[in-house]
Amino acid sequence: MDFEHSPKARALIARMRAFIDARVRPAEAAYRAELDNGPDWRNWRQPAVVEALKRDAREAGLWNLFLTDTQDGTGLSNVDYAPLAELTGSIGFAAEVFNCSAPDTGNMEVLARYGSAAQRERWLAPLLDGTIRSAFCMTEPDVASSDATNMQATAIVDGDAIVLNGRKWWSSGIGHPHCRVLIFMGLTDPAGERHRRHSMVLVPLPTPGVTIERMLPVFGDFDAPHGHGEVVFDNVRVPVDHVIAGPGRGFEIAQGRLGPGRIHHCMRLIGVAEHALALLCARARSRSAFGKPLAGLGGNADIIADARIAIDQARLLTLRAAWMIDTVGVHAAMSEISQIKVVAPNVAQRVVDAAIQIHGGAGVSDDVPLARLFAQARVLRLADGPDEVHRAMIARFEQQRQAGAAP
Amino acid sequence: MDFEHSPKARALIARMRAFIDARVRPAEAAYRAELDNGPDWRNWRQPAVVEALKRDAREAGLWNLFLTDTQDGTGLSNVDYAPLAELTGSIGFAAEVFNCSAPDTGNMEVLARYGSAAQRERWLAPLLDGTIRSAFCMTEPDVASSDATNMQATAIVDGDAIVLNGRKWWSSGIGHPHCRVLIFMGLTDPAGERHRRHSMVLVPLPTPGVTIERMLPVFGDFDAPHGHGEVVFDNVRVPVDHVIAGPGRGFEIAQGRLGPGRIHHCMRLIGVAEHALALLCARARSRSAFGKPLAGLGGNADIIADARIAIDQARLLTLRAAWMIDTVGVHAAMSEISQIKVVAPNVAQRVVDAAIQIHGGAGVSDDVPLARLFAQARVLRLADGPDEVHRAMIARFEQQRQAGAAP
Amino acid sequence: MDFEHSPKARALIARMRAFIDARVRPAEAAYRAELDNGPDWRNWRQPAVVEALKRDAREAGLWNLFLTDTQDGTGLSNVDYAPLAELTGSIGFAAEVFNCSAPDTGNMEVLARYGSAAQRERWLAPLLDGTIRSAFCMTEPDVASSDATNMQATAIVDGDAIVLNGRKWWSSGIGHPHCRVLIFMGLTDPAGERHRRHSMVLVPLPTPGVTIERMLPVFGDFDAPHGHGEVVFDNVRVPVDHVIAGPGRGFEIAQGRLGPGRIHHCMRLIGVAEHALALLCARARSRSAFGKPLAGLGGNADIIADARIAIDQARLLTLRAAWMIDTVGVHAAMSEISQIKVVAPNVAQRVVDAAIQIHGGAGVSDDVPLARLFAQARVLRLADGPDEVHRAMIARFEQQRQAGAAP
Amino acid sequence: MDFEHSPKARALIARMRAFIDARVRPAEAAYRAELDNGPDWRNWRQPAVVEALKRDAREAGLWNLFLTDTQDGTGLSNVDYAPLAELTGSIGFAAEVFNCSAPDTGNMEVLARYGSAAQRERWLAPLLDGTIRSAFCMTEPDVASSDATNMQATAIVDGDAIVLNGRKWWSSGIGHPHCRVLIFMGLTDPAGERHRRHSMVLVPLPTPGVTIERMLPVFGDFDAPHGHGEVVFDNVRVPVDHVIAGPGRGFEIAQGRLGPGRIHHCMRLIGVAEHALALLCARARSRSAFGKPLAGLGGNADIIADARIAIDQARLLTLRAAWMIDTVGVHAAMSEISQIKVVAPNVAQRVVDAAIQIHGGAGVSDDVPLARLFAQARVLRLADGPDEVHRAMIARFEQQRQAGAAP
């Protein structure tokens, strides 16, 4: 049992932290200034500062590090990448600088693992280059997406083509001016075996029949320039070779996609929580009331201690889940992955809320990033499965395990 | 002991509910459509629909009901007005329709109780008419306003004038196109007795030296058309007769102002919580997953039950505080008022958060009002004294009471 | 709306408080000294001090006050009795002094309302006199009693007799040396309509076939001298006129019995919580660490404030439920009664736990009554329906109400 | 980073689990039957079954494994011993079977590290042999022991002797019939440097002047046969060579003693929590209400999931702290040790409470061990420093760390 990161990870942590401190954080004001975050995504532009930072990050070898690969040894393990994901969580656009943003990371993993040679050449290569971006279209507005069997969108094979119909929303990334491809998930064979009914289909953008109706705000924030779109697919026809791994394998791919993606989300949220705690502590030291720094008043020390404990526990749990993916695989780590998906967003939400409170009115304004961080944490209690679905899964796994053991 | 509202209150509740259902709620879409909620408050306009509704509400006798008056018997008691405040909480602009919006309500109470005849004629009359609106400038950005003795702004008597200097923020209402007067609180006699140092001064708008620098967003929402401003006072001179009740009485006025105002805030938040619970329950009945309505899944029934319990308790506590103000006065009810100020915003935040969760992605978007209601609840854990300050006061009162009793 | 107790209630509160302070509390040490609280209930004796106090309480007119009666006006209303029940909660054996102990109170109510003249003469009269005590046998060890339809014990009419079989536990009061009668609930007509299947039967003690197997401890405490028994009924034959209100009415009687009983339990628990808070505050003032009284350290003020808020809310909710029973009846108050049954025990458990914590090691010992109070609160999260069942009912009522209202 | 236990630890885990399953658990009923757990400790006897199991455990090489030693490599590391401590937590007397019970473990560590050759020969040898047991006398009834500087007991050097005076309580282990030595902590030099004032002194039992006044119950349980005593030291004279490491080093020794001891306590509590969760899950599967196993009702799945998450997090946090003690030492791990001391007892208390709830009435009785486990968890929120003191320390460490870092 060893709680220290590998030398390889430690070296990358140091380099990425230095890059963020020296280059990304100082660029934040410029980034915000360049950003049009209005509701009309057609006006959104990629801030030039991001492209410049991307070039430099790539040169510095801090590029595509998310692409873990325990088979051939060229990539990092999940447990080695995890602390890097945490670092990118402390500042909103850092992940893109290192070409490690969702949903591209998940889409690239899917293409790397399941894509045909042609698919990899056409879409994986430019995604890895950071010249295009992508979206993922799974959630639907009209049904409870927490239950995947509710999905109504269809992907019907029709000769050489596959025809897509349906309405999707929370299609993250689809507002990005560089977005050139999306992955659509739909029902291909409603009568098939429960886990063989769906397909994942690559759809170039633009394609006739794909209409982006609007971007959805999250607590009023449109998350420009990537956004979360509501998208209608109306008899969208693409060649059947755009199906990933062939019709009927959508569910299988989704499962594999979600493991590392959840590690990334959770570690970024731990970065969010650390950032919020740092702001909380700084405010508690620098502001005074009733003749004392806030840090010495009432229950504030308890709040700080509870935040530290919650963050450290969430990080250890997430690293353990990452290590399980590396050592026993996503399938055997499903309870552990669901555990972190419950813990990390809730911890982040709670710590950010506490940081807001100690900031007084400033906390809910945009003078500090806390309202934005709050939204980021809050939405992840819903995205990739709401807390409730994950808790139900954890309980089921626990009962299975317990039923095999003497109480 | 009687938990039923008086016949007078019940009749008003019925009429106000009917008015809201018939007139206000149907107008909400028009209201939102007319609203410019961008950051530049100079563009903000009062939606025409509000003025029309105000006329009708006034005709219907649903006007200025907040102006409780237990002295001469013409007004409602606080406990009679409370359920009406709750009703206005269920829909954001309803309070203005009935001329019962903060901060005007508090400002009108102050003028009614402490204003000179001239002040009442010049400002109270048009405020009661609903032809102008007002702002209240107390909180400051550079100090912890939870401790009133931190206040840095000054109001120095200079001959016939009083000269105001300082920077205020969270000056609610100051962005409203109808805002014509503000109440400024500042330090007049720093060496005076702790509760005799401050003055409240009426400042017409515009007045030279008063600069509204910006409006502050709350979780990204500018709360147009009233807004929350950051305002600089640079050698603002107004006649000394603009001081309310004379120099040095600011603290005393502030104390008296806060009691009924907190009842209003808390009852509106209970309205917010009821609205969120209604949305939660409706969603739980109408959406299904895993073959069942959400209402029948997992811990959702517990969430509904806990919300009902929390709301009913918060309402009873608030009504009790209102009744104490009516029967023993604000001073004797200070612990009880602090109690509701802790409870109501936290209950509202929790119920809204639960409602967001059951709505999935829709919950954080603007398809439902929950993100906005969340911001409304969240900010009231800070405004009018943060939770922490109120808890400290409650504990102090409790220890005083206990120290006089045998354990 | 009026939050003040009636003059009648206020007078009784003052007299009962004076009696407790002058007579009951000073007798506590003598009571404990006389008590044998070992597991063998055959050795249990009624402390003589209790009988003396009962005589004096009766003379003082503080006797059988629980017997509310809104029909003929001779008894108190539930809302008038509630604060008296709270007073008895602050000291364990006070309820018995005033002849207001569970389960006798519920049993007497049942007899008063449903008993035949003969039943009332034989059992109600001596119970009201305080010369005998009684037990209530409903819960069973082998099934989840949270679901009443699980009940396995039988009460089968056989000619002039009714024959009882089954195993009951948590038969409170059955260990008391004065216990002379129990009420047994069993299944009479398994095929009958769901709410007409059960009977309640009066069983004199001793009766052949009734075997008290043991007393059950609650966190190690046997609650002598009344106790909680496990009792076997093996072909117990009693005359059919011992059935209360006739066969098949057990469920109906149980429903009516539970309303006021839950008010009593909850108010006593509020008394428990107040007692714990008083101990907490006294300790916080008198002990010092790090150079300060504990009251001024860390989050202790928050703990005190939260306790005060929680207790006041629980009390108001319980009084509201009592008032509803008085004004609209138990049936219309079912959600409200379930609400208090969730709230009061949880509040009491939490406040007692906090009081334990501030007492350090003394808190878990028997130098202070907190461990005993903890057990009392904890067991009431289970007795008379566990939290979970009540929450489910509250949610069901809420959904019914909401479904009839526009969200 | 590696979350797997070392091969050495894994082998010991397997062997200890097998021993517990085959030998200790089946002996529990016999152990309880032999036990006199009355308040009079003079009647307490060591159950014969324990001595038999001790012999066999020693032969099986499962003996004194707590004695970690990272210097010479003969002992286990803390992180290797931790899972063994967890195993002993699932059954109350298992720790003694393996000669790993508190407070002997801490006392043996102190003697091994700081004891003179004579002290080690006289006391460490028989303690390691399991032929005698020991007690630790630090906490005092008259002051808040959470602040060590409050200590009033004295240990004054007088020529060749040291004279002890004072009153101690919660002297765990002192009721054990085998207890032959205690370690007393007292003030030797009140004017000395804050951390050089106290001494630890070995006191053989019996010694004139040492009076055990009583045993203290924990929620009514005396924890026979070891117990928690209140002990008076009245001019107790022992040779000055009984002082451990010389006068004035008590505080230093106490600090070093607490690190591994807290790991042990926390891991045992994690064992307690796992045991409670296993009981909870078994009950949830085997009991039915409303036509379903409890596992499928309401929020029970959430309760199970939250328990699993909380336990796994607490275990990881504790293992991390153990690993830090092994790698960077107790001093550098002080925040981490305080963190687990807050987390583990609270998690155990919460999980046991949930298990009680699902057991209904059985949960608070002694038919299941839950009430006893509850007391065990509850008392550890106080022993070895209450939650509050640890949270304050964690916050202080956090602020020191943050103040050195850019927010």
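The letters A, B, C and D name the chains in turn, as written, and every chain counts its residues from 1.
As a working rule, contacts are C-beta pairs under 8 Å (C-beta built on N, C-alpha and C of every residue); 3 or more make two chains touch, one makes a residue touch a chain.
A quick note: this is a predicted structure, and the numbers were derived from the prediction, not measured.
**Q** Would you say A-B or B-C is joined by more C-beta pairs in contact?
**A** B-C
**Q** Going by the average position of its CA atoms, which chain sits the greatest distance from subunit A?
**A** Between subunit A and every other chain, the largest centroid distance is to C.
**Q** Need the CA-centroid distance for the pair subunit A / subunit C, whole Å please.
**A** Chain centres of subunit A and subunit C, defined by C-alpha means, are spaced 53 Å apart.
**Q** How big is the gap, in whole Å, between where the Cα atoms of subunit A centre and where those of subunit B centre?
**A** The separation of the two C-alpha centroids amounts to 38 Å.
**Q** In angstrom, rounded to a whole number, how far apart do the mean CA points of subunit B and subunit C lie?
**A** Roughly 42 Å separates the two chain centres.
**Q** Spell out, as numbers or ranges, the residues of subunit C touching 2 or more other chains.
**A** 298-302, 388, 391-392
**Q** Which of the residues in subunit D come into contact with subunit B in the complex?
**A** 298-299, 301-302
**Q** Help me check something: in the complex, which residues belonging to subunit A touch subunit D?
**A** Checking each residue of subunit A against subunit D gives 1-6, 9, 21, 79-80, 277-279, 281-282, 284-285, 295, 300-302, 304-306, 308-309, 312-314, 316-317, 319-320, 323-324, 327, 335-336, 339, 342-343, 388, 390-396, 398-399, 402-403, 405-407.
**Q** Which residues of subunit D touch subunit C in the complex?
**A** Those residues of subunit D that touch subunit C are 139, 141, 143-147, 150, 169-170, 216-221, 287-290, 294, 297-300, 356-357, 360-367, 371, 374-375, 378-379, 381-383, 386-388, 391-392.
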